[in-house]
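Given below, in the form of structure tokens, are the structures.
Paired with subunit B in one complex and with subunit C in the other, subunit A is shared by the two complexes that follow.
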Partner chain A sequence: MAFQLLLNFFLAFLWMFMAGTFNLANFIIGYFLGMLVIFGMRRFLSGRFYMGKIVAIIKLTLMFVWELIKANFEVLLIVLKPKMDMKPGIFKYDTELKKDWEITLLSLLITLTPGTLVMDVSDDNETLYIHALNIPDVNQAVSSIKDGFEKAIMEVSR
Partner chain B sequence: MTDISDILIILFILIGAFFSVVTAIGLIRLPDIYSRTHAASKSATLGVMCILIGTLIFFLTEEGFFNSRIVLGIFFVLITAPVGGHLISRAAYNAGVKLWDKSIQDDLAKKEQFEKEKEGSRY
Partner chain C sequence: MKKTNDVILQTVTKIISFIIILFSIHLFFAGHYTPGGGFIGGLMTAAALVLLLLSYDIKTMNKILPFDYKRMTAIGLLIAVLTAAGALLFNVPFFTHAYDYFDIPLLGETSLHTAVLFDIGVYLVVIGITMTIIQTIGESE
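Entry: the complex of A and B
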């Protein structure tokens, strides 16, 4: 992905040199034309076309903000409820992600999702230990959310 | 135009202040350190973010000044707050702080056992 991005910048600069005028408008035109060229040549470059990855990153960011807002309303309800009848606990979750930055990103996302907080990551990077505010009703929902997160992160890294 | 931005500014600042208050109440009311960390790492993040966004819009509309340092501040708070919560709760657990007595599940206490089972299945 980094290589394709760099190539795209190079093509944009090449376009500016060919046009002879150096300004932002020319750079943007060159960037779009370069994107078309890279899209046409995507079979010869390693990895997939990098704009797909950028769309995936934007999707992940929007998901992140939405989950943050939802998490806050959940905490709000628990804190302002007159009776403290939640059932906290720690459960373990096996992840399929391999790289360090993917696991870091996943635990950041989990920490900011409703009612969950990452407590520990096992030494072999395969298991996350997660503290949940409400084990009975969260357990099922949380695993589906995390499948969504894991899918979204894999979409970015693949 | 200024009316709309005024409403937005007031809304953002009030929501931010409200979530900060909820954080404070949560810190007092919740029973153990782990559930308190939930309140501190989530509500405080959104509260501070909302106040900063309100400030950004205020200076943008009143004085036409885009303060990029506020944007960086939002970004840094968003990244560091959950990591802080994670580190505090992990340090507390390793130092032997007990969970609330109404907790129903504790897999982290069985971590050693899980690790051993994994080793066993590997060889």
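Entry: the complex of A and C
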């Protein structure tokens, strides 16, 4: 990813030097042409084509915004209910993510969506302890995180 | 007392500390025309170092940045005094500043002022004193 991005920038600069005019428009043209070349040669480079990763990052961001809006309305409903019939609880969540930044990102995303809050990470970085405002069903809460954020983060780091 | 797992705090610190230091440099150079300057820039840099101290420990911190902060304070004072004393070489009173406009590539026409040198002294003194205070308090168990 980082190498392909650097190569793309290098090709864009090279295009500017070959064209002999140094402005932003020419840089963008060179960048697009470099992207086409890298896309054509993608099997020659290690990893996958880096635009796929950027699309995955944008997808993760949009998903986070949508989850944030949805979860806020859920909390609003809980707050405005006259009856207190919610079931708070703490559950264990075994994550498959390995790297430090992935675990941090997942924890922050879980914490920023209202209704769930990461309380602790185990010493071996394999288990998150999550406090939930309202969990009628633990397995459903686990699977919703697994299919949602964790899958999206894996898409980014694949 | 078992040590807790600080993976979230440490990972966030790795990113945030760079942003704070860059902002402190911006504040340092903004001091001539807009709010900012050596003092607030130095405090902001020290704040980034304190954040590192909070999320790691003093041993790791000394490995990352092997500075002697007492010496840094002394160097800062020396720079400030020499900037003020430099005016005596030109037969003008102590602390007289000089400035001129220079054509620097990338920046265009910029005024270079000897007050910047004095401010660098202030900046180093503030970082040195803040870190000395915090480290001596932290080490005395």
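The rule is short, and it goes like this: the second predicted complex is superposed on the first by the 150 of 158 C-alpha atoms of A that agree within 3 Å, B and C clash if a C-alpha of one lies under 4 Å from a C-alpha of the other, contacts with A are read in each partner's own complex, and residues count from 1 in each chain.
Quick note on the criterion: a contact is a pair of C-beta atoms (placed from the backbone, for glycine too) under 8 Å apart; a residue touches a chain by one contact, two chains touch by 3 or more.
Not measured: the values here are computed from a predicted model.
> After lining both complexes up on subunit A, report clash or fit for subunit B versus subunit C.
These partners fit in the superposed model.
> Could you say whether A:Leu76 touches subunit B, subunit C, both of them, or neither, answering first, second, both or neither?
first
> What is the C-alpha-centre angle with subunit A at the apex and subunit B, subunit C at the ends, nearest 10 degrees?
70
> In the superposed arrangement, does subunit B or subunit C reach more residues of subunit A?
Touched residues of subunit A are more numerous for B.
> For A:Gly115 in the superposed arrangement: first (subunit B), second (subunit C), both or neither?
First partner only, subunit B.
> Going by the contact rule set out at the top, does A:Ser107 touch subunit B (first), subunit C (second), both, or neither?
both
> Contact-wise, after the overlay, does A:Tyr129 reach subunit B, subunit C, both or neither (first, second, both, neither)?
Only subunit B; A:Tyr129 stays clear of subunit C.
> Of the two partner chains, subunit B (first) and subunit C (second), which one does A:Leu68 touch, if any: first, second, both, or neither?
first
> So in the superposed three-chain picture, is A:Ile90 touching just subunit B, just subunit C, both, or none of them (first/second/both/neither)?
first
> Just to confirm the geometry: in the superposition, how small does the C-alpha gap between subunit B and subunit C get, in angstrom?
Shortest inter-chain C-alpha distance (subunit B to subunit C): 8 Å.
> On subunit A, which stretch or stretches are contacted by subunit B in one complex as well as by subunit C in the other?
Subunit A residues touching both partners: 107-108, 118, 120, 122-123.
> For subunit A, which residues count as touching subunit B in their complex?
Counting only subunit A, the residues touching subunit B are 68-69, 71-72, 75-76, 78-80, 84, 86-92, 107-108, 111-112, 115, 117-120, 122-124, 126-127, 129, 131, 133, 135.
> Which positions of subunit A touch subunit C when the two form their complex?
100-101, 103-104, 107-108, 118, 120-123, 125
> Using the touch definition up top, name the residues of subunit C that touch subunit A in the complex.
4-5, 7-8, 10-12
> Across the complex, what residues on subunit B touch subunit A?
These residues of subunit B touch subunit A: 19, 22, 25-26, 29-32, 34-35, 37-39, 41-43, 45-46, 79, 82-83, 85-86, 89-90, 93, 99-100, 102-109, 111, 114-115, 118.
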